[in-house]
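Once you've had a glance at the structure underneath, I'll fire off some questions.
By letter and in written order, the chains are A, B, C, D and E; residue numbering begins at 1 in each of them.
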Amino acid sequence: MATSLKALPAERLAALSGAYASEMRAKRLNTLMFGAAIVIAAIASGWIAEVNLTKFVTHIGAFFSYFDRLATLDTGARVWTDIAEWFWGLKKWSLLLLDTMLIAYVGTIVGALGGFLLCFAASSNLMPNWWIRNAVKRFLEFCRTVPEIVFALIFVIAFGLGPIPGVLAIAIHTAGALGKLYSEVVENIDMKPVEGAVSSGGSWPEMIGFAVVPQVISNFASYTLLRFEINVRGAAVMGFVGAGGIGQDLIEAIRKFYYSDVSAILLLIIGTVMIIDLVTERLRHRLLGAGGQT
Amino acid sequence: MLVLEGVSRRFGAKSAVEGVELSIERGSFIGVIGRSGAGKSTLLRMINRLIDPTSGRIALDDVDVSALRGKELREWRARCAMIFQQFNLVGRLDVLTNVLMGRLNKVPTHRSLMRLWSDEDIAIALTALEQFDMGSFAAQRADQLSGGQQQRVAIARALVQEPEIILADEPIASLDPRNTKLVMDSLSRINRDYGITVFCNLHSLDLARAYCGRLIGMSQGRVVFDGGPFDLTEDVARQLYGLEAGDVIDMPEEMPAAVVAAQAATPPVLAAH
Amino acid sequence: QDWKAKYPELVFAIIPAENASGVTERYTPFVNYLSKELGIKVSLRIANDYAAIIEGQRSGSIHIASYGPASFARAVTAGVKVEPFAIETGIDGSKGYHSVLWVKKDASYQKIEDLKGKNLCLVDPNSTSGNNVPRFAMNKLGIDPDKFFGKVVYAGSHENAVIGVQQGTCDAAFNWWNDEQESNLLRMDRKKMVKAEDFRMIFKSEQIVNSPIAYLAALPADLKKSIRDAVYNVHTRDKAAFDKIYEGKQGPLVPVDVEAYKPVIELIKFVDTLRKKSGS
Amino acid sequence: MSRTSLRAVALADMNGLRTRHTAEFAVPRERVIAIAIVAAMIGLFAFALYRFEFSLTRIINGIGNLGSFVPLMFPPSPGSWPRAWLFLHALAETVAIAFLGTLLAAILAFPLGFLAARNTTINRVVQFMSRRMLDSVRGVDALIWALIWINVVGLGPFAGVLAIMSSDIGAFGKLFSEAIEAADNKPVEGVTSSGGSHLQQVRFGVLPQVLPVIAGQILYYFESNTRSSTIIGIVGAGGIGLHLSEMIRTLEWPSVSFIICLILVTVAVIDAVSGRIRRAIVGPVPQDAH
Amino acid sequence: MLVLEGVSRRFGAKSAVEGVELSIERGSFIGVIGRSGAGKSTLLRMINRLIDPTSGRIALDDVDVSALRGKELREWRARCAMIFQQFNLVGRLDVLTNVLMGRLNKVPTHRSLMRLWSDEDIAIALTALEQFDMGSFAAQRADQLSGGQQQRVAIARALVQEPEIILADEPIASLDPRNTKLVMDSLSRINRDYGITVFCNLHSLDLARAYCGRLIGMSQGRVVFDGGPFDLTEDVARQLYGLEAGDVIDMPEEMPAAVVAAQAATPPVLAAH
């Protein structure tokens, strides 16, 4: 083949490609075994989970039956034929939604601050001390594993009914969830800027502030806003502490089979989610900026 | 014949390249010189179409390069290999795969996505690596290499593209004298033997004079010099590097001016050859 | 029988009642008994949300379901074609439980009317004994809770409602109550969360009818008959399975029809009328 | 000794510097905006606390009660051996269902993530539509997904798998796309410059960078689905969530804490495995890389 | 007196630096030369303690640098500024903030984290930038700069540290002749005027000879040459760059060997000064 590269002596080439192949073989074998493990685990899980594809295929038509009912008013007419009737509770729901967003806001802020403060100590590239790192990791796991309901109950006993215990429970769970997600972002950063900051004698917090945060801030923002969204939708705890919220109204409508209410509330929530997503997108693209070009 | 007609590029308010007019013969060895920030990298990136000109037109033999799209654009890029100033390797992939990136356009997509490279491609890639003493690093991750090693991988990637044009953005910045010679010589050889056009951003005027058949001097985005290596007079260099205005830096007195002036050199041993 | 070809497997679904634990262990022998009696496979499904069971019955994938009274009524109003055929009974043959209103022992209130302007704890909007029955009962008394009380709070759970009274967040709270031996308050007392003697009952609702077992109306008549036959006789034919479920605290399952649930269905319809009143 | 001429020059030329660089010495506009935003957020926070009838005295008085409930949960105990066995079994089932649901969601969301990312999508319209679709999927409550799938496959673990899958696709699509957008552009340019197609740019320029992040997210959701297994309980597949809520409902606190401990151990194991997998993908942390 | 005693560093099986023994006088200007991959960067990084030696000891005036921890370590790092081969800037921050990071050790943490820099610090940073013609880029994001511009920002960052030792890893690799002179002259000036020790990895032997008082040659991790600029004979250079074995590269014949040999130069105008 015509090539502008000078050909290599055959034995040298054989030696080099042999060395490369043997180094790669180990890696490839690892990948293969990993893939095989996933497939086997998936098959086993499918068996435990009673996956039944025939049933799935024969009844897939029923997938739309619930949607069909969601699009139907009590009167039997389609929802869009009578928007006023469909969104009869718009004012109530909007207020509830705002209310819920306020609760989610406080819970998310407090939790995100907690997760932010802890995530660096849980990252292997910034916290070489095994003990501290693992202690923080286990603590974060504790925060997100103990059900919000249990925290809420403890706080209800301590502080009484009302939004406060719910917000606290949300905040603890949020700290545990975000702390973990944040720390994984931190473990994936480019270490060059970190070296830059460290080499001039910057302290640990300064290194974080100048070299790490600018790299991770956009991902942090995306996780935080997703969590905010989850907390807005989350109904269970707030209902549990007597603070209601749009989530509880939605669950109530689902359970009582007020189909048109379900679809109306759902649309409100989806609208909110979209707005949050659009805001996140703008925010993140600002933070990411033009990106390196040179 | 590669023709640039009134090519400009702005970044926001800043004009990085402005109204560049050039015609380049096939098989030329072009040195692009100029101060840091003059727009050399931007010019090369526009030829490879990594960034689009804000205005103007780039054409090769009547093909309007600046209007190419899709497959044609990819083929154009495959035809003009780029060696980046900052290497632009994929740090998490091994060295050989990084070099094999240069052959993407020649391999069916489904094969490349599965990383099923043919033996021939691997042989070509290893040959390129070995040419720059990097054969034994083939299985190492690219982000574990020293600066000069990364640069050599980047050069190998460009060569395995078997391009018609090579756009080399300071290909020897991080290289020691021996590797500098290796690299410049192989660029020179493929230019001479295979008629491949080479664009090379260089900071060393001596190297530029030694290797390039034609020099293009840029300043603040404009071409301010265009001529043979021996047209680059003192005055031109003065203007190019903005040294005419009172030079604010004082020179360490104890050093012989002539020595200070020489910026770099291959070890004298070579000069004796 | 030809239904065996059409129904090679039946699904029996239950919702864990709010006052019992170990549902899986307790119901497994019963389901095995059913399977043996019917001669086909019967599988047990426990769903944590009755909406899931109603949807399942609607789609025909759940053949027999053990409901709570209100959730059964909900299934009927949601238009699912189900028929109740058996009802749980108390050890004394009673067929229901109650919603009661607790206040602190040393409070002055003697009846609901005394609570004007005070704070009331309900449980959650879905609770039969903690919301629907109380609202229905107060409606009969001519009380509009949202106007009559200072504040009406959904405490979130039966326990929270009791804790709310104890802490003074509310002056009175509705709760479920079976009889003198079993109620949520007594249970919290046993778990040392509160002291039962600190509370006093000032209202007890009419009996809320017990939980029914219902099957799909569309099942073949002879299959239905076999099911009924098996269920009504479980306490004699497989005493172990029967005792496992009720731990000797309840009487046998006896026949019932939809007539017995008319009051609950009325109740549910009443609750539905509240829906749009609370809005806009 | 360590006074370079730099400082002397700088101080001597202070006025010159100020006139040449007014902007650098002034408080930057962005800082003012940032402070305003932070102030607004604090204001909203304060308003929220006021609305929630937050009172310090209530908190301080309550702190004493904080521990009063906790002793009820100690020592953790399943109650009986068969029950412990039952819990373990339910946990294993939960892990299996969560695993399959998460895996399916990840597989389906993977291409969507690339379509929804600005730097890898086909065009702006596709990107916009993909994101809005993901928003909608996320907006639909998990309970609704559960009910929808019950209509198709009936009660049982399969419905749980499908419900987990549907509700996680939305989150995955969003998270994947945002990790992709945050990837460094230099390696992508390297691939582009040699004529790599869109697919190849993604495969070689983007994927190696984002794979560790994506793997982390998938494993996190696996963990999350395992520990908050409410959907699995709702669709009648049992699972550990059913037992946990039952124990909470019947106030059997030692069993509650026992189950929590079981889940904690599971989560820690998943975390350890996840760490190993991510390290296998990332390679040894290149702390000393150049 | 900076002393390195038997300093080694391995990466996995690979030995990057091996048994380095050096004593460096305060105020020296040391040039470190050697082939790509010889271990030059690794050596400098160990002195700054960015990576720890696998074995051996680094000491300054009896202080065991390799044993420092916490605040003392940070102070040590502040005293020996590092200029990185790949700049190691924070791409998403503006140029001025990147330079001000050089002052982190001198500003209370709470102030620096709020970015409340004193006017004096800003003035110092701007002066350093202006010194390298980068004053007008102060507000731009670092990842939007050209290669040479980034390098100059990195140098400015090191200078504002007001260090006692400067560890410069190929500080002029991406610079044009004028900026090369600017940078080398200012290193030379602060070395001469303030007695600051400078370590400089260089690929250009001419520059090394011109500026450095002492040269250290490395090969495969070992110090193979240590002497004054004029001790670097042809033989030594040969050995250092591994050119003794039959040089495989053919030289483009049409070029005058002497020209080929010179690797780079400041424009001749300067020589005439």
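By our rule, a residue touches a chain if its C-beta (ideal position, glycine included) is under 8 Å from a C-beta of that chain, and two chains touch if they have at least 3 such contacts.
Note that the coordinates shown come from a computational prediction; the quantities given were computed from them, not determined experimentally.
Shared contact partners of chain A and chain E comprise B, D. Of all the chains, the one whose CA centre sits at the greatest distance from that of chain B is C. Centre-to-centre, using mean CA coordinates, chain D is 42 Å away from chain E. Centroid to centroid, with C-alpha atoms defining each point, chain A and chain C lie 37 Å apart. One inter-chain figure worth recording: chain B and chain E are separated by 24 Å, centre to centre, where each centre is the mean of the chain's CA atoms. Centre-to-centre separation of chain A and chain D, using mean CA positions: 3 Å. Multi-chain contact residues of chain D (touching two or more other chains): 69, 143, 147, 151-154, 156, 186, 230, 282, 286-287, 289-290. Shared contact sites, meaning residues of chain B that touch two or more other chains, fall at 41, 85-86, 144-147.
Within chain C, contacts with two or more other chains are made by residues 49, 51, 55, 59, 159.
In this structure, the chains touch in the following pairs: A-B, A-C, A-D, A-E, B-D, B-E, C-D, D-E.
Chain E contributes residues 48, 50, 74-79, 81-82, 84, 86-93, 97-98, 101-105, 109, 112-113, 141, 143-147, 149-150, 154, 157-158, 161 to its touches with chain A in the complex. For chain D in complex with chain B, the touching residues are 186-187, 189-197, 199-200, 203-205, 208-209, 282-283, 286, 289-290.
Interface residues of chain D, counted against chain A in their complex, comprise 41, 44-45, 47-49, 51-54, 58-59, 62-66, 68-70, 92-93, 96-97, 99-100, 103, 118, 131-132, 134-136, 138-141, 143-144, 147-149, 151-154, 156-158, 160-161, 171, 174-175, 178-179, 181-182, 184-186, 212-213, 216-217, 220, 224, 227-228, 230, 237, 244, 248, 256, 260, 263-264, 267-268, 271, 275, 277-278, 280, 282, 285-287, 289.
Remark: chain E residues 11, 33-37, 41, 85-86, 144-149, 151-152, 169-170, 173-182, 185-186, 188-189, 192, 203-207, 209-211, 234-235, 237-238, 240-243, 249-252, 255-273 touch chain B in the complex. The touching residues of chain D, when paired with chain E in their complex, are 1-7, 9-11, 13-14, 17, 20-21, 23-25, 31, 287-288, 290.
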